[in-house]
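Got a structure here, written out as structure tokens. Questions coming.
Per-chain residue numbering starts at 1, and chain names A, B and C are given in the order in which the chains are listed.
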Amino acid sequence: MSLERLDPEMVEFDVRTDEMLINMGPQHPSTHGVLRLLLRTDGEVVTDVTPHIGYLHRCAEKIGENVTARQWIPYTDRMDYLAAMNMNLGWSLVVEKLLGREVTERTRHVRVLVSELNRIANHLVAVAAYGLDLGNFTPYAWTFREREKILDLFEEVCGARLTCSYIVPGGITGDFPAGWLDRCETFLQEFEPIIDQFHSLLTNSAIFIRRTGGIGVLSPEMAIDYGCTGPVLRGSGVKWDVRRDGDPWYTRMYEDYEFEVIAEIDGKYPQDQEYPPVPEAVVLGDSWHRYYVRMLEVVQSMRLIRQAMEFYRQTDPQWSDPIKVTEKLPKGQVYLETEAPKGQMGFMVIGDGTAKPWRARARSSSFCNLSVVAELCRGGLIADVPAVVGSLDLVLGEIDR
Amino acid sequence: MAKFFIEYLDSLSIPILPEWIVHALVYLIVGLVQCGVLLAIVMVSVAVFTWMERKIAGRIQDRLGPTRTGGRFGWLQPLADGIKLWTKEDLVPKNADGLLFRVAPYIAFCASFTVFLALPFSDGWVAQNLNVAAFFVLAVAGLEIFGTILGGYGSGSKWSLFGAMREAAQVVSYEVPLGLCVLIPVMIAGSMNLVTIGNIQAGLFTNWLIFHDPCTFITFFVYGTCAVASVNRAPFDLAEAESELVAGFMTEYSGFRWSIFFMAEYGSMLAVSALATTLFLGGWNGPVPVTELLGWTEAAGAHPVLVQLGNLLGAANFLCKTYIGVTVMIWARWSLPRLRIDQVMTTCLKYCLPIAAAMLVGATLWLYAFPGGMILKQRLPDVSSQVPSDSCGTKTGDG
Amino acid sequence: METQAIIDKLREKFAAEIVGSDLETFDPWVEITPGSVPQVAQFLRDDPQLRFDLLHCVTGVDYFEPDEKKAAKVDWEPHVEVIYHLSSMAQRHRLVLKVTLPRWKDDTPGQLPEVPTVSHLWNTANWHEREVFDLSGVRFVGHPDPRRMLCPEDWVGHPLRKDYEMPTEYHGIRAR
């Protein structure tokens, strides 16, 4: 077959004269990378959406079969490059479960701290990009300013800003540098009042509510049917968080921690903090709720970080050693899902007695979240497509792997 | 100005050339000078606006904006931008309609520039003192849409076509409430001559038409909304909504042609803002009538130089208010998300249009109820007699 | 519900279809015959006590050792495994469903093994099955949209097969 062969979708003969097939992407400002959405439009109305993915496909799973478990950590960074810590954590936990390794208390609290910090960073990007998708540039600058501070903290911890490779199977690569916790505390203190500014820019903005309220309504049944997880699922009013409801191997990492799972139950969000009220024009499960859940989760993550810092100070400085690069994996297969910022990120490892996994599998949360996009966009306007895609918070590195 | 020179030359009566050639030459030269002056004002304003846009956006977004090009405040940044854009490769897509694609930016720019022909910058400082100036401004400003539509259609790109169609729908709709809003000051002044409209607002700032009655006050904001929409600025910038339509009708444009479109957009911003100043914010009349208090008016028998100095003050005043209007537009752009196309049309047809119509009726009734019109009127003594009663002003343009 | 109870319930209904199970390992699994996948899956999803409403993941694993020396040591016959990770939000339990397929249908290289689709039961399966087809080379019979997911439409081969050879060239682009 040759490249001259036209895309089968493009030569469809059932396109009516008043319809138009438009490629949104792979080069398009609001598709968050290299997503290609083939829109069938009737004027401004989108009658069908076909996502085409794979432009960033690197077959990371095949690479995973050819490197050892420890060596695959940098590849997990590059899946969801906006939440590298959480990706490292997912793979580390699954390998540890296969090896039967447990980490010390202090390592556990460090892991909670950095992964929650990264969750804030990720949600900030999600909010920023969502603002951009709706034509508001200013949240982007504001949230990125705050995110830079988090990345600075990461840089001090592990030398890298984006691709951290900090959490590795067996432990972490190093302790916090001196004074780091104080700087982290300073960041939290500075960041706390700024959240209100984001709320005033977007959450309560009449135009923002008009653009997102009632757009892309995802019912809880449909969300579960499509395997949507994370803020997308919770935005539909399902109180489900793997940090609380998941595999014990993962949930015990959050033992002794107090946090709320953010979801609207009976028309109410948890009222443990001061949150702006839910406007009347929005419907449960729409884009606005998905955005709102993220904003509220940021506050919960800050709570978790504060607790983690407290626990860190209380525990003995005992560290668990990372596994050797050539550590042999026992026979067996383990699948474990962790609550990455974008949803449930599942990793599976099949050991065959050698250092290299027989099979390394990454179940991407964005992959499932994206699969629902056609249902959400159908019947809307072209302007609603970015409003829906942005609210799903996709990262193509993770979808294409 | 032309008449002045012609009278001067006639009075000299030097028989070098036939009279008609002299007259034609004088008209030509004067026209070119006026054109150059206007172009300079527009271009400088566009440069200032781009710089302002960057600086204001920077400050709103907690950054500095340009700081290096041309000294501390980066005030040469527009020039650097211009050089960059003008030296870029001239690209015409293969599928584009070459002629339409090439000609569209100039149509847009010409339309946006021609508006300034009829806009008075100060009392009598206008290139062509048309007695239907308000109508002319609206009509010509509406022509800019042709550039957009042709550009979008000629690009041969679906995104461009979408942008052009959106712009067509939006601008045509918003012309209606915009026209109604302009009608109200015209009705109060009893003239479509912008110089006349400016002159009846002389005196304290309470004489400005925005403070004429409650209806005009509301009308001003309706006009503001419609003006922002008709020049395609956020939150109504749907024609070039980059997160939806890549760049709308400008998707395929780059370099020089793009910069022409860009200048047309900023020129229109200046135009609608200047029109708002003339119609509602007293034009060249400051909050306090300084020139009148100083006696620098023709009526007070001041020296012509002083009169022109007073006019210069007026022009500065006028540009100041216009720039404030543009600043508000920039401010809105960087704080608000974009509306959706159906919401834009709803805003126009369900809110702006009925309100504007109601205000027109309200202003009419107000004029009927208070024939003097301005209940807040606080004219200084012996100034009111200077307001020209002639509705079709015949003052010679003085570019 | 305990995993043992789930499997007992399954055995009651589909005694003939259950090939094997392991409850002692990390993720307890049940292996069923390929043909019975839709029926078993439907039962797992709809039974009020089971209610497996969430399909996490569909994975294809190729068991094949290209190296002959190593192949002599392994304790399995070459085959392809399709693994379904299921869980129930309502009942808070989980289960792993496995299907073993031959590497090639009718032992003819190039003929992809077949298993019925479950995409009509869980929409998650729609894209995941496309991905498994694309990367591991398993044909899901009855899939509504059986196109490749991540690789280009005209890609040859299934990269996650152990004997997969990366092409040296793709449309004039050097690939390795």
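Assume a contact is a pair of C-beta atoms (placed from the backbone, for glycine too) under 8 Å apart; a residue touches a chain by one contact, two chains touch by 3 or more.
In this text the structure is predicted, and so the values were computed from the model without any measurement.
Think of each touching pair as a link: the shortest run of links from chain B to chain C has 2 of them.
Among the chains present, the centre nearest to the common Cα mean is that of A.
For this pair, chain B with chain C, the centres built from the Cα atoms lie 67 Å apart. Separation between the centroids of chain A and chain B, computed from CA atoms only, is 47 Å. For this pair, chain A with chain C, the centres built from the Cα atoms lie 26 Å apart.
Listing the residues of chain B that touch chain A in their complex gives 57, 60-63, 158-159, 162, 166, 234-235, 237-238, 241-246, 334-343. Listed in rising order, the residues of chain A touching chain C in the complex are 1-3, 5, 7-8, 53-54, 57, 59, 61-62, 65, 97-98, 222, 224-227, 238, 240, 245, 332-335, 337, 344, 346, 348, 350, 358-359, 361, 363, 367-368, 371-372, 400-401. On chain A, the positions that touch chain B within their shared complex are 20, 22, 28-30, 44, 131-138, 140-142, 145, 201-202, 205, 207-208, 210-211, 381-386. Put simply, chain C touches chain A in their complex at residues 25-27, 53-57, 59, 61, 83, 85, 89, 92, 96, 122-124, 126-127, 131, 135, 148-154, 159-160, 164, 171.
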